[in-house]
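In the two complexes below, chain A is the common chain; its partner is chain B in one and chain C in the other.
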Partner chain A sequence: MSLAAEAFVSQMAAAEPWPENATLYQPLKEDQILLSDCASSLAVQTYLRMCGLPVQVACRANAEYMSPSGKVPFVHVGNQVVSELGPIVQFTKAKGHSLSDGLDDVQRAEMKAYMELVNNMLLTAELYIQWCDDATASEISRPRYSSPYSWPLNHILAYQKQWEVRRKMNAIGWGGKTLEQVCRIRSAFATSSAQFFFQPTELDALVFGHLFTILTTRLTSTELAERIKSYSNLLSFCRRIEQSYFEDKILSVSLSLFIPSLIPSL
Partner chain B sequence: MGTVHARSLDPLPMHGPELGVHADDIDTPEIEQDSKQEVLENKDVVVQRVHIDGLGRTKEDLLTYEIADVFQAKNLIDVMKKSHEARQKLLRLGIFRKVEVVIDTSQGVDALPNGLDVTFEVTELRRMTGSYNTMVGNNEGSMVLGLKLPNLLGRAEKLTFQFSYGTKETSYGLSFFKPQPGHFERNVSVNLYKVTGQFPWSSLRETDRGISTELTFPLWKTNQTLKWEGVWRELGCLARTASFAVREESGHSLKSSLSHAMVIDTRNSSILPRKGGLLKIHQELAGYTGGDASFLKEDFELQLNRTLFWDSVLSASLWGGLLLPIGDKPTCIADRFYLGGPTSIRGFSMYSMGPQSEGDYLGGEAYWAGGLHVYTPLPFRPGRGGFGDLFRTHFFLNAGNLCNLNYGEGPQAHLKKLAECIRWSYGVGIVLRLGNIARLELNYCIPMGVQSGDRICDGVQFGAGIRFL
Partner chain C sequence: MKQNMATPMELRCWGSDWGLPSVHTESLIVLAYAKFSGAKVTVSPIDWTWKTLTATVPELVCGESTVTEPTQILNFMRKQRFNADYELTARQGADTMAYIALLEEKLRPALLHTFWVDAENYANLTRPWFASRSPFPLNFLVPRRHANMALSRILLTKGEAPLHRITEVEGKIYSDAKECLNLLSYRLGTANYFFGNSPASLDAFVFGFVAPLHKAGLPSSPLQSHLRQLANLTRFCDNILSVYFSSSHPGKPRPPPPVQETVDANLQKLTQLVNKESNLIEKMDDNLRSSPQHKPHRPDPKSSLANEKSSTPA
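And then the complex of A and B:
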């Protein structure tokens, strides 16, 4: 989003209170949504719950194309459409809802740096596993991604997406990495950031979204989830957030693609 | 765009036959059966041989059909007439640059005293012709490169490729056309294309990639077209500020449709006709052969022309259409009808009428529009017999309506809905004919029956297009 557009959005947003009918759009949760999108969507939902802002979740097969930035999730609030966690945090801040007000400048800068790191490492790793690991791509990602479309469009769109992600991976130098390396990177990262969770901020929402999704999603290899499970502080972090913000069990409904048997093990 | 009322992205103009001669406006003078010509007429002749000189890659069997009639001629006038017809037929194939006819008495040992030889001297088109031009419009400039391979396999087949590189969009089209030898009107064409269109009235951008096959043939007095089309459509918002209703339509869809069109055209010219009528019926069934979109679409166009006193012409036209969704999926914004603008109901802005959301027009599932025109030559007829004949003044009265129907209700309720809130307009203007394919209009319009949400163009309105109400 350009600076001018961002300024415009925040100015517009400040004028109106948060409406009751705010809606979050994500791909179809049963058949379509992928790990990375699900994690991002859960992060935004967690953040909005932490702020105490009500939001309805709507599933649309074309959510990705409806989003102004081409990324899910996005929220439709009043007549505003804002996509991805960063801009949504800005947007709620303009409306007077913020989680990071209690932090000093240094902490806030650190938090922003960590958030960037999560997006750069965790999200990239998720994308890598989804689209660059051949087994996952052919057994899970491509069929799920293209499930709403009819032949031959389903194949065209899935391969187009895969090609796009792979090109991006090559550009940032992840193209040659193996699954093993990627898992190591993310678990190493996860431990380093885990010490930051002493009060709920947007960073916690983001990390929770990603970790919880990884822990509860069935993939071709469970290596990733196993690695995260070996850190007890991460597990207790996930459990704490889940209990504080998702007590009403909406989560287990909204994330029905996850294996329920994993949740008690947390 | 700007010429079709129902949104459809036609591939770049490359529809099949390219007739060498536009004989529409030439009143063919009757061959006078004068008594002075008796001598020639009564003299029986026999066409002994027909030569075609200058053939290169063209197969001869294709031409035998076209020139066969010349052998039927029984007298000199007949020979000339038949040769002329054969020449027109040869030119129509679009494979010759030039065709000349030479009629001579037969020479040689077996020559009859009244024997004639007819020689067609033809010059074939080059194997490949290219063209380039630039276009400006819709806040966009583009460069169009065209490549044509006429007479590809020697039987009047044609392969055309067009590539348009614009500041915003890139489009291309590849088309293969094959007529049946001896019946040029019966032909098959296959098209492959990608077209991108921007529709600011709906804040919508549409990219179509598709393939279509078309079969055209004459039947009695009509011209029939059967077509299958498979299109991958990608819709997106033109701007961030697009309404949410348009945003919801974004994404990919696949349309596979069978369509049939029937045309009866007895007009003497397709632009500014003086007499005759036109009836066009088009129906499209999508979803039966696969794809995500399923609907049945019917629309028709009727035009009648009659010459009145002092070279003025009265023209009446009526359009109508209906889009019926099949199944419980609602219709797509790209399939619905649009109405309004200088080519349909004048006095309203382009396609700015009917159902809308936050200023973006969403189109309707049913429409009708009617127009009544009186065309007259320019006052005092400046430039008569030349440049001035390209212009006409016209007085018009347009009316129409566009809405969505609730198909649970009966036909009575539908008619009632189409009859209420009628938009209409009247005015006067000048029409300029551009070749035989397009026309420009400069009108002073007074819109009436404006409904809330319609965008009007009160006063002077300029229009350009190939299809007019």
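And then the complex of A and C:
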């Protein structure tokens, strides 16, 4: 979206209150969505719940192609369609709902920095594991990603996606990394994230989305989840957010038992 | 220390100009960190050699080992006990990671664009500089190669599939970069360095990213004029340049951070013990976070967690 369009949208947004029928679109929950998309989607849902904004979740096989930026999830509010957490946060802010107003400049800088850390490390590592680890890509990612489509489109789309992600990884210098290295980077993140969270903000929503999804998702290797489990403060953080914001919902799996939940058991 | 003296470290990087020790962001990061940590590094510029094409810069050569990429080089130097991050708490170590991620995600695309994609800057500043530093016939090849890599990196990381057009992302990457500079400026405040009174690895990274933008004579750059308004960031760069890279005292050794030197002497034995535990080192060396754990009483990860836990409401 161009800057002018963005400014226009936020002007428009300010005029209208949050409607009751706002909808969040994501890929099919049962057999299509992948770890990274699920984490992003959960992050947005958590954020909207923290703001107290009602949203219905709709699963569409072609969610990725419906989204204006080609990325899921996106919300459909009134006349507008906004995708990804960052723009959604700005959008809700224009409507007068913000979680980070109470922070001073330095805290806000810190929050943004940590959000970039999540994007830079967790999200990139999730994408890497999904598409660049051959076992995961062939057993999980490609079949799931292409599940709604029939032959030969399923193969074409899945390989196209994989090629795209791999090009991106090469461009940022992740191409030659092995799975072990990536896992180590993630454990690095777990160490660092052992201490932040000032108050419920979009950062907490983002971190919760990723950690919770990793914890409750079965991959070819459970190493990542194991790493996170070894940090008890991260677990209690996840449990706390889950209890405060998702009590009534399908998400309520017992975190203490770590049974793979209804969220995608990849 | 003597052991390290025996294996001199050689750093291959792009040469100096514009009042900077190197014009290349990654090379600058490593050079600054070497100064901060007191590591003796021999700088050998790759200018006018075939290495402009073949080498991955910056590249640290120490004995048989060759390390590339700033983060890897910094880890390597930490393993050699040249650690500028001794004093940081775990929280500060985490902050360092976070701000580096911020720089990478928000500032780097705009910097690449400013230097390599923006037609005016590329034709008048970047291409002439790199072409003049590359031997014939590489002077035709090297700048274009860098420019292509920069463009494809911006498109792949920031472009929106499937169109991938540069004009669509320009506005976004510049507004992101300006926001990033603002955030850094807020974070720095009136302090000399990001954490306390001595520079650490985050300072090296910020310096590497911001200094070229501050010093380069770019014909057109909205980002540069934005930076000019953030007085504390430009002062930060000038301060590091004058304290650590001042050419007016060429023979004078850098005044080492006194605290670290005394600690260094006291710790030598302990550090050697730690060095023996290669396993431990392996775990420690691969990320910035490990830096605070180079302290003598390196806490067991579990026990440090237990401490954290007690401060976190369950």
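Assume the second predicted complex is superposed on the first by the 248 of 266 C-alpha atoms of A that agree within 3 Å, B and C clash if a C-alpha of one lies under 4 Å from a C-alpha of the other, contacts with A are read in each partner's own complex, and residues count from 1 in each chain.
Throughout what follows, contacts are C-beta pairs under 8 Å (C-beta built on N, C-alpha and C of every residue); 3 or more make two chains touch, one makes a residue touch a chain.
Since the structure is predicted, the reported quantities are computational estimates derived from the model, not experimental observations.
J.: After the chain A overlay, clash or fit between chain B and chain C?
T.: fit
J.: Looking at A:Asn62, would you say it contacts chain B, chain C, both, or neither? Reply first, second, both or neither.
T.: first
J.: Look at A:Gly96 in the shared chain and tell me whether it touches chain B only, chain C only, both, or neither; answer first, second, both or neither.
T.: Neither: A:Gly96 stays clear of chain B and chain C.
J.: In the superposed arrangement, which partner chain does A:Ile172 touch: chain B (first), chain C (second), both, or neither?
T.: So A:Ile172 only meets chain C here.
J.: Given the touch rule stated above, what does A:Val81 touch, chain B (first), chain C (second), both, or neither?
T.: first
J.: Using the superposition described at the top, determine whether chain B or chain C touches more residues of chain A.
T.: C
J.: Looking at the overlay, does A:Leu157 come into contact with chain B only (first), chain C only (second), both, or neither?
T.: first
J.: Please work out whether A:Pro54 is in contact with chain B alone, chain C alone, both, or neither, and reply first, second, both or neither.
T.: Neither: A:Pro54 stays clear of chain B and chain C.
J.: Just to be sure I read the superposition right, which of the two partners does A:Tyr149 touch: chain B = first, chain C = second, or both, or neither?
T.: A:Tyr149 contacts chain B only, not chain C.
J.: Once the two structures sit on chain A together, report how near the CA atoms of chain B get to those of chain C, whole Å.
T.: Superposed on chain A, the two chains' closest C-alpha atoms are separated by 10 Å.
J.: Do chain B and chain C land on any of the same chain A residues, and which?
T.: The overlap between the chain B and chain C interfaces on chain A is empty, containing no residue.
J.: Can you list the residues on chain A that touch chain B in the complex?
T.: 5, 60-62, 64-66, 68, 76, 79, 81, 149-151, 153, 156-157
J.: Can you tell me which positions in chain B touch chain A when the two form their complex?
T.: 232, 235-237, 240, 244, 247-248, 250-254, 290-292, 358
J.: Could you please specify the touching residues of chain A with respect to chain C in the complex?
T.: Those residues of chain A that touch chain C are 2-3, 69-70, 105-106, 108-110, 112-114, 116-117, 119-121, 164, 167-168, 171-173, 181, 184-185, 188-189, 191-196, 230-233, 236-237.
J.: Give the list of chain C residues in touch with chain A in this complex.
T.: 69, 90-91, 93-95, 97-99, 101-102, 104-106, 152-153, 156-157, 160-162, 168, 171-172, 175, 179, 183-184, 186-187, 189, 283, 286-290, 301, 305, 308-309, 312-314
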